[in-house]
Every structure is written in structure tokens, then in C-alpha cells.
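Chain naming follows the written order as A, B, C and D, and within any one chain the residues start at number 1.
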Amino acid sequence: MMATGHNEPVLSVRDLAISFKTEQGERILLRDASFEVKRGEVLGIVGESGSGKSITALSLMGLLPVSGRVSHGEAWFEGQDLFTLSPRQLDRIRGKRIAMIFQDALTSLNPVFTIGNQIVEGIRAHQDISKAQATQQAAQLLSRVGMADPDNVLGQYAHMLSGGMRQRAMIAMALASEPALIIADEATSSLDVTIQAQIMHLLRELSLERDMSVLLITHDIGLIAQMADKVIVMYAGEIVENTDVFTLFEAPGHPYTRALLETVPSIEDDKDRELQAIPGVVPEDYDAISGCRFAGRCAYVEPKCRESRQIMLPLDKCRQVRCIRAQNNELEFVHSTQCEASKIALARRKQEAKAKLSERLRT
Amino acid sequence: MTLLRAENLYRTFPAAGGFARRKRVRAVTDISLTMYENETLGLVGESGSGKSTLGRLLIGLDQPDSGTVYYRGQDLSQLKGQDKKRVRTEMQIVFQDPWASLNPRKRIYDILSAPLLYHNYATKADVGTKVAALLEKVGLSPESSERYPHEFSGGQRQRIGIARALSLNPAVIVCDEPVSALDVSIQAQILNLLQELQDEYNLTLLFISHGLASIKYLSDRIAVMYLGRIVEIAGAEKLFSSTYHPYTRALIMSSPVPDPYRRQEPEALLSGEIPSNIDPPSGCHFHPRCPLAEDSCRREIPQLTPVPDDLTHLVACPIALAGGGL
Amino acid sequence: MNRGGLLRYILKRLLIAVPVLIGITLIDYLLMNLAGNPIDMLIGPRVTEAAKAAKMAELGLDQPFLVCYWLWLTELMRGNMGYSLMTYQPVTQMIAQNLSPTLLLMGTSMLLSFLISIPLGIYSALKQYTLRDYAIVGTAFLFISIPGFFLALVLVYLFSTKLGWLPSSGMKTLGGAGGMLDTLRHMIMPVLVLAASVTGSNIRYIRSSMLEILQQPYLRTAEGKGIGRFKVIGKHAFRNAMIPIVTLIGLQLPMLLGGAVVVEQIFSWPGLGLMTMSAILNRDFPVIMGVSLLAAIAVLMANIITDILYAIVDPTIRYD
Amino acid sequence: MTENSYLRTIWKRFKRHRLAMVSLVFLSLVIIIALLAPLIAPYHPDRISGDFGAPPGNGHLLGTDDVGRDVLSRLIYATRISLLVGVLSTVISTVIGVVLGLVSGFFGKFIDAIIMRFTDMVMSFPYLLLVLVAAAIFGPSLLNIIIILGFVNWPGVARLVRGNVLSLRERAFVQGALVAGMPKPYILFSEILPNTMAPVLIHSSSVMAFSILDEAALSFLGMGVQTPTASLGNMLGAATSQAVLTDLPWLWIPPGIVIVLLVMSVNFIGDAIRDAFDPTN
């Protein structure tokens, strides 16, 4: 394992662009994406369908569909640029140092092999141990992710398990070689809320316990608040805001982020709360838009927003946005923020969680 | 005024596990429920709770194995001829999947005009204006009637689905998870639209959802379902402010709050999986996951009982009732 | 999947087959009645009209249709499929004598077809939209579109008439020493012709099922584990691709049986097909109906076995 | 966009399939030639117009057959017969299959069970054998061949349509029509039927390819179209005689090639239609 300090990024993505071949020719579905994941940190990527969050994750794993390709950018992970590796070199990293959990565990597990077979296979791909040893390890992993009867589950097929159990099995598989980074792509979106809460809690515990970084991709603002330390907001193939979770909810810097927070109903709301809907729809051929891609739906739009391409720039020490008006300090809602306070809140929240975990592990 | 009343509804389906002996999925078990005119009743539950089946039973899209649904005092299953046809049109539904709910081979005009013409709600002469008016009502341009479903986004399709449900001047609309397939930024548009339309047309809505947040926003009363039974029913504010049933409580605690300062307490989370509704647990179906469970819960099926100071707040848990609400 | 469940499923599958089986015999009997008088088929032609009438009364064939059908069916159960109008032999015996050459031909063709189509189908799917894929698919289309008899004529013209390498008819060289090698030489062309169209459709089928599998999320999961491309395809994709191949066996039987008639006719291969064809040309209905009944039952059985095999190889399978 | 533009999208996707485009041109050409056979054919197909078995050349582009008829003229008329058999029998089996499939899938229960068991029965008989038996019973003639092929080919269509109806019946838009109180015939013919047409069309193309092949096989075996009427199959049938096979290759090679090209183009077109309608493409 590489020694990395806490402020060292585990993963560092720079200027990523991804394009797809479509019937209308080559389309750029993601561009100008730069972000970092630090050790032990949960980075949430939030966005609506088609915003580019899933392909970002897939590109890191070298799992883009054949019609897609990384057309630009670098992704530095443990001293290597993932995008320059051959499939063979990549195989020494994925499953071992970076693992991924997918949305639909039923279709993401092979229907004709047992759960045990699929976990053992992952273990033995990266460790030189016997089948029996690997099976034993698999049983331990299943028990760690909360399976009541791991030895029995080893011999079962995916379709025999419930949705929550399947997702646990997927997590066990991802943990097989103690990865430094886990990518969870909408890992709980198809699960019921009570089960989702269990799975998310498990993921958080594992991250704390192993100092493991998590890239959490979701469309659920609530999950972001509960899980993420840092947050990237994506819209129409671009990152529009990059900040920490406390700042995001307290002082969103981008009009889209603000609108998104306004539009989500919460059980904490008063019943009479008026939901502020974002008018219009996500533009379909957004790579043809030359100016700001959110301009068509933005309440703060001005002609200059459409004139030139927007770039990511810092507002202060903890916020980066892709919005010229926010950058010019023209938006009244983007009030100044206490970056230090957020940092402290973040640290305190983590400390509390750690204390709780060690207490739980002791009992 | 009571509009719809269900009494002791049961509905089972043959289970799909073919190797096994013919087992049956118990979708809806012994449900009695009243819907009042011009209210929105929220129906919340996780997968397998039977919420969609109940919705379909209430508007006669599916028939119960036993039990009766009364619409304005009339037994739905006894209706014949013209009465049946009339009542049929007064109860409509908006589906979850906007991609499957419109015939891909038809123009919006054809989709909306056919029922209007068939039921004589419009003549050949004025059907065009009526279709245009419907589309405007749901926030679409009249020109969209010439287009095909695949030319619309998910949110727009859902608007068309709502227009279709509205077209026959219904009294009740069942909204079966109308926003769960939509992007977050579109969900609020549809929720607001439903709210506006209800106010304008005095509609009675049954709003089905697996999430508590959107249901709280829209509903006057909320019923919570678990494995085919209603476990708690109360006014929308009441359900959250004085929660009785441990499952309702767990549901609330599990819903992720969009506020980083208010972290979910792991102690409050439910353990265990949702059991199969083919062989639900004995007694109270919730007992294997319930923090309050006692021996009696394994044996006795709890009945919905009013809480001490509120006759409209019903809970199917004697232990929670004895212990008082949250 | 539990054993009891599987047994119940097999039983259920067999029960569904019973009405179909009865229906098949009914259709067979109906066709036979359309073709002539069943009495001729049951007792053979070498009897006088008077004897025939007596026999009819004795057998009860002057009774209503369904009664006659029942009588015919009981005779069938006893193994009496009637007598050939041409050779006067019992049909059962004729079928028994001609069965093995046909089975040899069909079995070899099926084997050959799988040996070719499985690797080609999979390879073609992996190389989708490349020149090699187009070449394989194009060849598959050619195989499907070429009538067996035309292919046979071309082969005979080339290898027998022009080059003189291979014998054009029969199963053994007349007056030759015989032996396995001789039979093998005789088999080459009939097997190629019979296998051609089956192979073509197999390639397309395997290719498209493989293409579907390649889209499945579980392959992405496997690849994400870093087990290597070879194992992703060779283990995860291959095992799933093998499942639909079971169904192919059931689908092929009728195709092969039909093809055998043509192929055996052209190459004078002394099997069921040749026998049937000569029966058809001579309007020898007892033989024709016997063979088609047998074939239909064989196909039905093959379908049942396919369904059961499918239930065994696919752990997710669920039937109502 | 409108319905037209939907079809235009399909057409655009279809056009990408180059072999299918070539096939379409070829097939159109063949159809035109077949339709205009009397105008195009240089000789009467059934009359003696030259020497016995003359090789190509000398006024007979493809030579003459063993009784002195012009091979090219016979080939043109034979193609006409093959197309006729292919198209008509496909139409018959498609109509039967669609009707039975719709009824079976929509009404379900008892009717469904009966129709499906009957389908199983017909499907159990090896197809070519059934055709041969039927031809032996009813006598080989052009009309009989068309009817027989039409009547044995429907089970595939019926199963396909039934499966489609079953899944469409559960789709929300059909449920929506039910809730809107629309009558059953409207739901069946206006909501369900149009949505099964694309798969039926694709299936029909392969039925047509098989029909052409089967007619040829039947006629080749002498149980199909009877001489002197020329069909592609019976022209090839002449080559069963060793003499024709060896010495008069122009008698059997051209009809063989025409069959292969005809069937291949139908198959390619069907394949391209499948791709064009496939939303995942």
C-alpha cells in the first residue's frame, strides 16, 4: 500500500472530457471536469440523469461502453495516470485498489454463478491464495457487510437473495482486496428507504474503519447531505459547483445548486411549503450551447451568460463555481461564507462518527 | 363527504416461482379505507407493500378476491351498463412510467381525442379545441398535439398522462408514483401541477409513493402500508408530529434529510430485510424487525385502533398505543 | 431450485404434452383418412374386397370416426403402424431398418454444426462491426439462403463428377471392401449439405445471444474486478451464452428431419428420408403417416427434453 | 417530427445496411422483371425454340434445355412463380398467425390454451415432411402449394403475436385505455395491433425466404409445381439426371443462383428492418 497523508489526494482528475459516438456523430457528453478525492473522504457527485456523473465513474474504471472514449484528460491514482494504462495494467488496479458498486445488483451479478464463486474469483485475482482460503475470506467479508448466514449465502445465486442482500454481496465483493477507493454509482437508488439507510450506514462505517475513500454518485440530495464530505454538482455534462457539504447546503454558489435545493421536498418541511420548481428541461444537445448551459432555466440569467463559455473559478477558499455572475459577485444569494466553520463542522461530524463506530465495535 | 369506501379488501396473485407449489403473493390483506371528497390521501410503503394494487382496486382497474369498494355508496362490482361506463370514466389513473404510459404509435391528438369522442364529451367539431384546452391546462402548447410521444421528455409525457386522466372530468385520480421516474428538477413541476389541478377541479387524489417527502408535501392524510396491510393512518402533519407505529417511525428516520447537520442516527435504523409477501411473518407482519416486539406480536394480528385523543388517527400496534406517541 | 420442484416441473411439462400428443395422433389419423381408407393401411393390400369388408367389421372400422380412431390408436399402441402398400412389410419394421443411417447422418451434422457455429458465433459477436464479423455473418446468410439440394448438386458436380474425389451416392461402395473409412467418405457430402443451413442459423442465433450478453451489467462487474478480459469472456459471458444453445438442439430437430428427406434423396442415402420420399412418390400412405407420426413425437420429446435441460442449466429459470 | 419522420428515421437506419440496400435494388429489379415477364422474355417459356440442350449463345443467352426450350425465358417465368408462391403463402400464414395470436393473447384462458396446444401440434410435425405429406394427399399444383405453405407456416407468427399481445396488455398505455372506458375492439385493434406490426413484418420476411426455399425443394422433389410450368425448383430438378448435371450445367446453375440471391436478399432486408426497428441500436 502506498503511504499517503491525509491531505494527499488518492485520486486526482484533471480536464476530463468524454465523448460518445452517436447516430448524429461524435458527441461530447462530459468536458472540463477536474476534481480530487482525498484519503478517507467521501466525495459526492450529484446530478440528474444525463448530467455525466456515471460516465465519469465508468471512465476511471476503464469500463466505458465501446461507443464512448476519454477524449481528453488525466486521472492520477497512486502515481499512475489511469487513462494511459493498458487493460492489463488496469486489471492490477481495478478490483484491487479501486472497486465499484453498481446500481442494480440483480443484473450486476452474474446469474449463473454463485455469490461465493464471484467473490472468490475477485479475491484470487489479486491475492495468491488457495480456493479454500479465499472462500474463508469471502465468508468473513459477507459477515462484515451484515449477512446473517454467510456460509449459506456463498452457495446461493443472485436471484435467490433480496435486493438489500444482493447489494451487500456487491459491497463484500468490492471490499475483497481492501481498495483505497470505492466508487458507488447510485448503489441504493433501486432499494427501499429502510434498506437504503442500512446500506449507506454500512458504507460510511467501512470508509471510517479502513480509511477508505468513497466516490458516491447519486441524484438524491438527501443522501449527499447524509454521506458526503465534499460535493461536486453536475449539470448537462459539466461540473458547475465544487465545495464541501456544509457550504453546499448553507451557501450554494451556483444558481443551479440553489434551485436544486429549493426543488427537493423534505420530510422536515412545513406542509405549506411551496416547492420551487426549476422551469423547463435539461437541454438535450447541450454540447451545441456556446454559453452557460443552465442559462435557459436560470432565474438570474443575463445576456452575458450566453455569450461565452463559462469556466470553473473559485469564489473563496471552499467554493468553485461555473457561473460568471457569481464570480463577479452579482448574485445576492451567494453570501459570504465561513469556510473555516464548515471545515470544523466537517471534522467534528467525522470525529463523532468515529467515536460511535469504535464504541459499537467494542461492544 | 365520503366518496370512496373500501371494506375488507383482499387481493392475492399467483407467485411466479414456478418450481414451487402454487403459492400466492398476498398483495392486499384486509384493508378498509375511506376517501373523502376533495382530499388527497397519501399512500406510502416500500416495495411489496401492496400500495399500487390497492390503488388499482379502489378505481376498479383490478377486482378484489373478496371485499367491496363503494363509490358514492354504490358497490362497484354491482354496477352495470351505462352506470358502469359513467363511473368508469369518473375514476382515472396516472402511471409511474411516463415512457410506457403513452402508445408510441399515436399522436398526442389521437391519444386525447379518442376517449372524448367515444364518451361524447366532445363532437368532431369541437374536439380539437378541447384537446388544445387540456394541453394548455397541463402546461403544454396546443401544437404538441400533432407530435408523437417519443418527441417528449419524461416530464412532458407525465403532463400528457395527467391531461388524459383529466379529460373525462374525473372525480378521483389515482397517482401511482407519478414522479419517481422523473428527474429531481422536474418532480416539483409535476407535484405543483397536481396540486393546482386538484384545487381547480375539486379532485380527490390518491397519491401513491415510496418516499415520505413528496407525500407529505401533497397529502391531507397519509396511510402507511407494510406487507399488504395499513399499519397507521393519520393527518399529514399528525403522522410526523405524533408518530405511533414503530414502522412509520423507522420510515421517517430512514428518509435522508437534506441537511448535513442532522445526521441519521444509526440506532434508529431498522435492521433486517423486508420479508416476502408470499409467506409473511405470523401475527404482526412487522414483528421480526420491530424494536418493540413482544411475544404477543408473533401471535396476534393487530387491528387499526384510534389513538387516545384523535379518532382520525389509527394505528395497528397495541404496544405503541399503550406507550403513547412520539 | 430444489429437486422436488424440478420433478414437479418435469411432471407438469409431460402433462401438458399429453393433449398435444393426442392431437398429433388425431391429425395423423385425419390426414390418413383424407388420403384413403384406413383399412388398407391396417391389414395390407393383399386381400380381397370381401375379406376387407369382413376385416373392417371385425375390427369395427365401419363404426363412427372417433371409434375408428380409438381402434387405430390401440393398434398403434401395440406397435402396429400398418403395412406398406409397396413392400407389404410392417411399417414399424421398415422404420426400424432405416433408422440408424438417418440418425448417423443427423447426429454427425448436428455435432459438426455446433463445432463450427459456437466458436464462430461468439467470435463474430466479439468482433462486431469488423470485417471478420461481416464475413462470418455473410457466410451464415449464404448458408441459410442456399437450398440444400442446390448445394448438393454443386458438391456432386465438383467433387464427384469433375474431380472424382468423393462418391456421389449410397453409404458403401458397391462391391467394395466397405468398412468405416468407406462409409466416412460417403458421408462427407451429405453431412456438409445437411449441416450447412443449420450452421448458418446457429451462427446468427449464437452471435445475437452473445451480443445481448455482452451488454449485460454483470460483465462490467466482472471486468471491474480486474480478472482480465479473457476470464470475463471465457467464463462469465461463455457460460451464459451456452444456455440458449440448449434450445437450439430442440429447434434443429425438425429442420434436420426435413433436410434429411432431401439430402438422402439426392445422395441415395439408405435412411428414413429416402424411404419416406419413395413412399411419398408412390402414395404409400401407411409408411408416410407412420414416419410423420414418429417424427412429430420425436420433435415433441425433443422439446420437452430441451425445456427440462434448460431448467437445469439456468439457475434463474422460473416457470409458471 | 411526425409519423412520417418516424418512418424516415427507420428508413435512414435501414439505409445504413448496405447489403440490404443492394438487396432491395436487386429484389425490385427481379419483381419488375417478373411482372413484365411476357414483355421481357425472349421466347415462350414452354415452347421449343431451339436445338436440344444447346449451350449459351446463338440467340439463347442461357442456352436451351434438353427439349429445346429457352432457358432464360423459363428462368424469368420460374422466378415469377417462385415470387408468387413466396408472397401469397406468406400473406396467408401471416393473416392466420396474426388472427390466432391476437385472439389467443387477448382473450387468454381457455381459448388461449386450445390455440396454443394446437400450435404446438402443428409445430411438432417436421415442417418439410408435413408439406410433402399434404402435397401427396392433395396433389401437387401451384395453388395447392401456396395454400399448403400458407397453412403450415403460421405457428411462428401466432406465437410471436401472442407473446407481444401478452406483454402489451400489461403496458400502462393499454391500461390507460381500459381506464378511459374504451371498448375492447378499440383496444385490440387501435392500441395493441399497431404495436405488433414491426415484429410481424420482420418475422414475415423470414417466412417468405423459407417459403421460396420450400417451394423450390418441393418442386425439386417433384411434389411441387409441375412441368411444363417452370419453377426454380423444378428447373433444378432436371439436374437429378446425371447427364444434365454433368453435360448441361447451364440448365441448373442459373436457377440455383437465382434462388440463392432471391432468398439472401429477402433475408438481408429482413435483417436490416430488424436493426432499424431495434431501439438499442
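Keep in mind that, in the parts below, a residue touches a chain if its C-beta (ideal position, glycine included) is under 8 Å from a C-beta of that chain, and two chains touch if they have at least 3 such contacts.
Everything numeric here is computed off the predicted structure, so don't read it as measured data.
Each step here moves to a touching chain, and the least such steps from chain A to chain C number 1.
More C-beta pairs in contact connect the chains of C-D than those of the other pair, out of B-D and C-D. Once the centre of each chain is set as its mean CA position, chain A and chain D turn out to be 54 Å apart.
Chain C and chain D have centres, each the mean of its CA atoms, that are 22 Å apart.
In chain D, no residue touches two or more other chains. Taken residue by residue, chain B touches two or more other chains at no position, since every residue touches fewer. Those residues of chain A that touch chain C in the shared complex are 58, 61-63, 87-88, 90-96, 99-100, 102, 104, 107-113, 118, 121-122, 125-126, 157-159, 170, 173, 176. Residues 1-3, 6, 171-183, 186, 190-191, 194-195 of chain D are the ones touching chain B in the complex.
For chain A in complex with chain B, the residues that touch the partner chain are 48-49, 162-165, 192-198, 200-201, 219-226, 245-246, 248-249, 259-261, 263-269, 271, 273, 275-279, 281-282, 297, 345, 349, 353, 356, 360.
Considering their complex, residues 216-218, 220-229, 231, 235-236, 239-240, 243, 314-316 of chain C touch chain A. Considering their complex, residues 46-47, 153, 155-156, 183-189, 191-192, 210-214, 216-217, 236-237, 240, 250-264, 266, 269-271, 273-274 of chain B touch chain A.
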